[in-house]
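Structures incoming, each one as structure tokens.
Both complexes below contain subunit A, partnered by subunit B and then by subunit C.
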Partner chain A sequence: MEPATATAPRSWSPQHVCLIALYSMRFALRSGGGIMFLLIFLTVGLSVASLFITPLEELVKIDGPDGMSASELSITILESDMVAKAVEWITNSDSVQSEYLLEKKPALLSAILLILLIAVPFTTCFGAFNQTSGDIASRGLRYLLLRTERANIFLGRFVGVLMFTIVSMIGTMLVIILYVQFKVGAYPGVELWSWGFQGLTAVFFLSLPYIALCAWISCLLDTPFGSLAICLLISGFSLVILYLLKLTLLTSTTADPESLAWLFKTVPWGWKYELLDGTPTVRVVAILAMLGFTAAFLFLGLRHFQKRDL
Partner chain B sequence: MQAAVKVTNLTKKFARQVALDGVNLEIPQKSLYGLLGPNGAGKTTLFSIAAGFLKPTAGSIEVLGVDVSRISELRGQLAMLPQDAAFQGSIPVIEQLIMFARLNGLEKYAARGAAEQALELVGLPEVAGKAARALSHGMMKRVALCQAFLGDAKVILLDEPTAGLDPDNARRIRELVRELTRDKTVIFSSHNLQEVQDMCDHVCVIDKGRVVEEGTMESLTESTFLVRIELVAALSQEAQGALQALPVVEGIELTSETEFNLRLNVSGSGKDEAMKAIYGTLAGFEIYPRSVFEGASLEARFLEMTGGTFDGASST
Partner chain C sequence: MAEGKRPGGLTALAVLNFVFGGLGAIGALGMLALFGAANAATDGAAGELMSEGMSEAGLSGGMLMVTMVLAVVSSILLIISGVGYIKLKRGLGRNMGSLYGILALVGTAIGIVGGQPFGLSSIIGLIYPLLTLILVNTTFKEDLVN
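Let's turn to the complex of A and B:
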């Protein structure tokens, strides 16, 4: 039998993290869980896209008023005051932001992204909930524990899920952009692809803290289903609590809704539209916030994973 | 010589239950060390702490002089067959073994070679491409054993390697362990007491989280001083008297109608001489033993030490 050639590492090893991530991604692709996640991500993405595209497809079939083409008509509708007001309400922003999203950028893709970002945390949980819980239950991690540090396993699994999520996101976004481009054909290709890439970045950064949250929850529990339930509950229930808190503060104090906007900034979900903001500094701050949440969840998860019995 | 494994005041509690209670052990290098104990004695807990799966409540374990809290420093030197750890069900066995070999420090192609070689060693090259869930329990046990032999570990922990296997598979595993663990320290837990007596040179009996007895197999079973003789018929009074009169015999204890123990005095002559005299005396009465065992039965000693019954079920 060949002896091990490398020297033993003293702490965490990037090489081991990469190796575990790579195998975790390959194993996910070959197991039912990974395929299910890919399908869920694609289904959610395409459902959101079809929510907007199907009515526009119907418009394309008819002649618009005053001799407008179908594409021009769809742009006119999406850039109307009513849609702009709706976007301002959804994003809790001013007219500058709605103008940026609806007029300066392909409006149809902006609308799809706005809805998609709402769903990202919940969709992400389906792919990330079983980072370690299943293997803790089956004690499969024990074969790895003899060969590497716990930190490498924890971070490797996190990176593996992240890579798999990125692949799923890219696939979904590609399908959406191609769908918009070929079905509606209302926007120049370069503009559409560059905005699509920016949207993909926003989806990626928003999913980061939720994957880290799942990593933490997953190492707390020994049951994959329990881990999924708790991840979804935390992602959704935290928003319900914040809404109730906001309502209570609005009724019991003189505070106005604008001044309570910070409340939702205490969870990653509250930063989602800043990730699409027209002002680069706002985007950078939102990205830093996402990285901050991610680091905090990873720190808590890693601390627990290193202490717990496996 | 430095101990291969040194356990110092090791205590492990699960909530209110004490699984290990101040265990102290020194396991010599290159020994085949048997760990015995009834259900819930703490054997698997001891293994799990030694391998870094569980954190001790108090105390420590050092393997080759390295505290197991720094388990990665033992990479490639410590291997284990965990009792109940599962492989990834849907992934081919070879891919999982390659990953383990790569984590052991081998490059991609060397890792594949080592994984294939390990599967050949356990006689299962044909299962390489099969998903783990497609394998039988016996095959899975051999695959799990082969992951323990990836690399060149100096200390190998085998937690009930033959549990749940049919006699043929159990025999194959025992042969593999004997064949592959020369010049290594092997710590072996089993519910098969005869298996431990046959294979191990050192033994430790744990009961209720405490070490009850520890030492060489020879000292535990008194194999130098005790022989068990089984006869076809009952031992006659005359033959018993003649044996008792031999200077090498200190005492006779009849354990059944056809079986008796002889306590030997080998200080003057060697054990071989003593046995020659005993066989000669029995032959004089035309008594030819059906079987002769050196030392007490480990099972009898085990029951005596733990004061309980032995049921052979899974341990904790």
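Let's turn to the complex of A and C:
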């Protein structure tokens, strides 16, 4: 009989992580969760786009062929003061940022991205909730443990889900950008595609900590549904708690709302609009914050996964 | 893969088929019943009003009938293929699922030719048929063999 070390390497191996990630990504479509995520992400993404584009198209119809085109309408409406005020309120920023989003960048795509970034944390949970919990429940991981280390399984599954999420995001963004370019025709192609790519990057970096959070929760619980419920609750309830805390501090102290903005920076949600900021340094800080949250959640998850009964 | 265990994805597709098929059938039959009842109660006045409205929107009565028939047939195919997915059947599952996907694509094309506007809602409506068409002929091809 060969020694155990010959079949079960004791160290972290990038090859094993890649292998597990590729298999996990391919297997995602065979699992119910993967199909549901794909369906939910595509539907939510396109519905958000439809929320802005369909009314514009309807307005063009009302005006008739001699009225304004969809592109002229979108520019007129989305660059109005009312929309600028709404963007400032949503992003909790100043007029410089709203001007950047609505006048310097394709406004229609900016509006879609602002709402899409609200949906991403929740939709991501549907694709990432079952990274290890299902296999922990069925004791299926024990066969894998004969051939590789726990860290490789944990990180491999995380990377696999991440790749599947990226593919879904690229598909959704491609449909939206192609539609805006060819059907609405409001913006120059290069401007639209470069802003679309930056938006895709923002969506990707925002989803990172939530996938890592799901990886952690998934190895804590051995029921996939429980994992999904807890992930969604953490993503949503943390915001409610922070909002209530802010309200309490505002009513009990003399602090002004601006000085309490840091409260929301304690969760990834609070950094999401900085990913679309016009100042490169602000964007870099937001990306670093997202990577920091991801590393923290992965560390906590990996530490638990190394010790738990599989 | 012969007589294998059913993948979770196929079970999810079957459940979605039952949900979408059931909702589609209820919607189409409910609409037919509503039109029929309204027409009977108003001695045909409701039907005339509806056809006037449709002409203004650039649609024909025949087109509406084709769309309604396609919706009912799609719903039936969804439910039949759902049963096929559960039983891992090639004919009931893969073939009927593919037929549903093709029918939905053809239905959308007919609608566009007939004057219905093509927008993001049409694309959202095509997500599930396209996904079904791709999945049953690639990912689950080896599972639907009974």
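For the reader, a short list of remarks on this structure follows.
Note that in this section the second predicted complex is superposed on the first by the 291 of 310 C-alpha atoms of A that agree within 3 Å, B and C clash if a C-alpha of one lies under 4 Å from a C-alpha of the other, contacts with A are read in each partner's own complex, and residues count from 1 in each chain.
By our rule, contacts are C-beta pairs under 8 Å (C-beta built on N, C-alpha and C of every residue); 3 or more make two chains touch, one makes a residue touch a chain.
Small disclaimer: the values here were computed from a predicted structure and weren't measured.
Subunit A has more of its residues touched by B than by the other of subunit B and subunit C.
In the superposed pair of complexes, A:Leu42 makes contact with subunit C only, with no contact to subunit B. In the superposition on chain A, contact of A:Met82 is made with neither subunit B nor subunit C. In the superposition on chain A, A:Tyr179 makes contact with subunit C only, while subunit B stays out of contact range. By the document's definition of touching, of the two partners only subunit C reaches A:Ser50; subunit B does not. In the superposed model, A:Val190 makes contact with neither subunit B nor subunit C. In the superposition on chain A, A:Ser31 makes contact with both subunit B and subunit C.
Subunit A residues 30-32 lie at the interface with subunit B in one structure and with subunit C in the other.
Put simply, subunit A touches subunit B in their complex at residues 1-11, 13, 16, 19-20, 23, 26-27, 30-32, 138-149, 307-310. Within the complex formed with subunit A, the subunit C residues making contact are 7-9, 11-13, 16, 117, 119-121, 123-124, 127-128, 131, 135, 139-140.
Across the complex, subunit A meets subunit C through its residues 29-36, 38-39, 42-43, 46-47, 49-50, 53-54, 57, 175, 179, 183. Across the interface of their complex, subunit A is touched by residues 48, 51-55, 70-76, 78-80, 82, 84-88, 90-91, 95-96, 99-100, 102-107, 110, 113-114, 117-118, 121, 147, 149-152 of subunit B.
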